[in-house]
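Got a structure for you, questions after.
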Amino acid sequence: MLGQNQYGKAECRVVKVSREGATHHLKDLNVSVALSGDMTDVHREGSNANVLPTDTVNNTVFAFAQERGIASAEQFGIHLARHFVTSQEAITRARVRIEEYAWQRIETSDDASRFVGADAVRHSFVRAGQEVRTAQVSYDGRGWEVISGLSGLTVLNSTNSEFWGYAKDRYTTLKEAYDRVLATDVHARWRYRWASDGEPVPRWDTAYERTRTHLLQAFAETYSLSLQQTLFQMGARVIDNRQEVDEIRLSLPNKHHFLVDLEPFGLTNASADGAVYYAADRPYGLIEATVLREGATQAIPTDLTSP
Amino acid sequence: MLGQNQYGKAECRVVKVSREGATHHLKDLNVSVALSGDMTDVHREGSNANVLPTDTVNNTVFAFAQERGIASAEQFGIHLARHFVTSQEAITRARVRIEEYAWQRIETSDDASRFVGADAVRHSFVRAGQEVRTAQVSYDGRGWEVISGLSGLTVLNSTNSEFWGYAKDRYTTLKEAYDRVLATDVHARWRYRWASDGEPVPRWDTAYERTRTHLLQAFAETYSLSLQQTLFQMGARVIDNRQEVDEIRLSLPNKHHFLVDLEPFGLTNASADGAVYYAADRPYGLIEATVLREGATQAIPTDLTSP
Amino acid sequence: MLGQNQYGKAECRVVKVSREGATHHLKDLNVSVALSGDMTDVHREGSNANVLPTDTVNNTVFAFAQERGIASAEQFGIHLARHFVTSQEAITRARVRIEEYAWQRIETSDDASRFVGADAVRHSFVRAGQEVRTAQVSYDGRGWEVISGLSGLTVLNSTNSEFWGYAKDRYTTLKEAYDRVLATDVHARWRYRWASDGEPVPRWDTAYERTRTHLLQAFAETYSLSLQQTLFQMGARVIDNRQEVDEIRLSLPNKHHFLVDLEPFGLTNASADGAVYYAADRPYGLIEATVLREGATQAIPTDLTSP
Amino acid sequence: MLGQNQYGKAECRVVKVSREGATHHLKDLNVSVALSGDMTDVHREGSNANVLPTDTVNNTVFAFAQERGIASAEQFGIHLARHFVTSQEAITRARVRIEEYAWQRIETSDDASRFVGADAVRHSFVRAGQEVRTAQVSYDGRGWEVISGLSGLTVLNSTNSEFWGYAKDRYTTLKEAYDRVLATDVHARWRYRWASDGEPVPRWDTAYERTRTHLLQAFAETYSLSLQQTLFQMGARVIDNRQEVDEIRLSLPNKHHFLVDLEPFGLTNASADGAVYYAADRPYGLIEATVLREGATQAIPTDLTSP
């Protein structure tokens, strides 16, 4: 018996340059498309009559980048998802996943005109390198689900974090901590309320930037008694401030920074004075939770943000 | 509002050596534990009273490896999951994910006795390096769910693969292929029927080895008209032959090997003669599907095997 | 016969927090130490009498971070290298390699005082994420060699790059390009002239920041007829402007961005209008060269920056 | 001033299928070519007259795979290196680096004939997954240098390893070990004596297989008092047994497996009984050395095998 199935092209690496005279703009995406529908025959008998080749999916990504441009990752995903579902009778559902890589302009030197005959160069970029922005757009011909997010935003508080008063059993040896380093890689996915063509469309880029800022600020401004508490504050800050977001899921590895024992060398190493830490790789704590708007239904899959 | 949440220790790298005289045995696991339960207070107020530290989880993994040994990844996961749910009142659900790395014995030289005073060395190993074996054990105090699998088993057929007769639209440029290379990294997860302590427990290692063999053989022995067909044959072969398995999900990237155009250099490059291919990285097709036993309910999450 | 040999501890992940009241500072290093000297006995007979354990090397890294602080990666490497060579008679040469990860402060919200009782939080950081800064300090008891650098700084020019007039042979099919995207990951290593304790020590952080800026600006401000030309301009800009640097080696992968052929879909895709590119992974061109100050001797190994 | 420079195409992923009736053979290489010569003009002025495009280099790799086949990585590298140096006047030196990935045949099922109409399938492969074989061929128009090797062969001895009697200083806390786990990833590069066309050419595949076996056996059969001793035994075993090899360099990370302290839980954890270890990631010891044949000159660069 054939169960859930999907197919498509993964990791189409499309870069779009737009020019306004000498000023260039850059969009740099990694696009993966998964299509579902009437696919019994191809699985059971190898009949490809209903299968639009994944090579065609790839071509479509590049053609759409030129025909429609890339206003935002989310908008680009909407164009693509609608296209596949509405143009191929056999395809009833499309899911478009996009990673976006940010670029910043290179600030040119005072002597730029000497080198390039212009006061500034407006076509040179350096990759921002911090988090990867993500968007997932799903469409079944009737309704939309847009889950945006970010991966790999690494943050650290060097104080205002404690951990004590926890449950203990036979295997507990951990000492309570009253001033520890708290560090994590933020993996976040948030779901927009927007679900059908009639509703007003969120301003995707603004929503992204503000959500990102709220996550950073809530991390910095929470006096933390546990990473769970910090996580909940981060999620709640987004839900409280961004009306277009109904649900957010956070997956936060506890990137342990252990105070090094320097006593054998006659040295004190106390957090209160500034201290030396060992940044451990594995194992790591892993804290995951969804924060929801009152009345919203949880829809972001647990495994979407899990490592 | 707080939604689904879980926490625990990820990537505990435990290696267990067992000795039978001079003959040693090795188990090499990467264990991740996720616990759920009554965790509202820690998220909302930072009260850790219900939180068994992730450091304790890590200690437990190592202590259990010594106290109970590691009969198999699945059995070890069952011990751990049961322990957390039954010993901590606040914890109502445990999910243990394990990666297992295989090792083979190093065959010693004819002169071994000259070097080590024994005909053979029985404590030397080389890592097998092929697929990673995986196991996921979930327990809620009543029933069990065991999903085993493998990741990263790379296979290639150099013939017996075609792709033609597919749907075409404005963006289709792909040429039909009647003799192509078919290659993929097999990512598989299969769910055992076993769900409660009263039922007979599968022989985990045998089930793993046989399932792996069926996947390889079905890949090799399918004359393929599309990767979907090959996938279904692989899944069906497992369901048909392994009664303890109710469901299997496969995620198969189509690792494209493109016939290189050598005509500009006056060379022919035809599959039928043996040919030269370019092994591409991205983009790649991605084919995912679940194959189920008649009457079984689909339970393996779509995102579990997705990249 | 035993040839060149060295041993030590690699990848000591040391994080140092310094506090000035509520304002914290962060240094985040990955330190690898390689020691050489009179090591014949340990290789031939397993006598460890001359071997300071690598565990001790690790301890020393953490102890020095506390005792002496981390003024810069280079200065920290100098402290360590001098220590091993001068304190262990058997050790005659030390090479310390350091990677440094940059962090920026998180800008706190207007409401910070409501959350943390202060106008701003001065202990919260987000990792910068762009290039990794590197330093390599070598000491043999007499002289110093300091090679600093950076890895993984990704840059792109969306115009002002051409490639034509090249050599052609039987296997040449490439079309000439008069307006192409030029992108690379900058891997640079530069050697300071400073070589002995008597000479004035460079201002390591300033030298790093300025060199980095020159590399970026030279990349942006060069109208490029080949990546080799751009590389040479980048190197020459550093040599011309930073007197403390005698030599620089650059390893620049040509991260190809290919103009997609959209003609089959009735679309034009011309660079001059802004265009759509496919960002390829492999293969890639790789351009490597050393640029030297007149009279300087080449000392940066060819393989240091090679992938 | 322009110093050492080289350019070329990196990571050409060429797969060659050869057919003998229904029996297929597979060669899977990753080829990188670096060319040097009269390249001043392209660096200084952007004149590409002496620059064979890296795209042509890529084409040549694929064309040669068809025209000349791939007898071995080394032989293929010799063909390529000779071609570039002898066919392009401006190019005076070529260095070809190759990674080779091994594949094994999939053993087909007893029922193969039912599925494919043949007793066995001879065109199905599974990637071996252990070490990567490497070859580096350099040619300057007169002489050859061939450095072969392997990367990422992971081995472990669960006993017959001690570490004690080492130097101690103020920062030493390590306890002596009389029965420890010794594990490493073998990175080896060995240089063949063969240097000119008149000399008899080594049997590259045999030499590789035997050298690999000697490395494994020497690792298994050495009672180790330090990893340096094991390294030297591995190198010496190759030099003693393979006359065609003049020099070998080994880079061996000490993949620490720490005995876990289970005393707090009332458990003993002693190596002699079989024990539980924590497999650490970082930091790790790193032992590197060259072993030479009497009279040979050291030529493998120190940085070639360094991480």
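Note that the chains are named A, B, C and D in the order they appear, and that numbering of residues resets to 1 at the start of each chain.
As a working rule, a residue touches a chain if its C-beta (ideal position, glycine included) is under 8 Å from a C-beta of that chain, and two chains touch if they have at least 3 such contacts.
Since the structure is predicted, the reported quantities are computational estimates derived from the model, not experimental observations.
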Taking shared numbers over all numbers used, above half giving same and below half different, the subunit A and subunit B interface sides are same
Of C-D and B-C, the pair with more C-beta contacts is C-D
Note, CA centroid farthest from subunit A's centroid sits on chain D
In whole angstrom, the CA-centroid distance of subunit B from subunit C equals 37
Distance between the CA centroids of subunit C and subunit D (whole Å) is 25
By the touch definition above, subunit A meets two or more other chains at residues 13, 59, 63, 171, 173, 264-265, 281-282
In their shared complex, subunit D is touched by residues of subunit B numbered 13-19, 24, 26, 28, 59, 62-63, 65-67, 103, 106-109, 111-112, 115-116, 121, 123-131, 152-160, 181, 213, 216-217, 219-223, 257, 260, 262, 264-265, 267, 269, 271-281
Per the touch rule, the subunit D residues reaching subunit A in their complex are 170-171, 173, 264-265, 281-282
Given the complex, residues on subunit A that touch subunit B span 1-13, 32, 34, 39, 42-56, 58-60, 63, 87-88, 90, 163-169, 171-174, 224-226, 228-229, 231-232, 247, 249, 253-254, 282-294, 296, 298, 301-304, 307
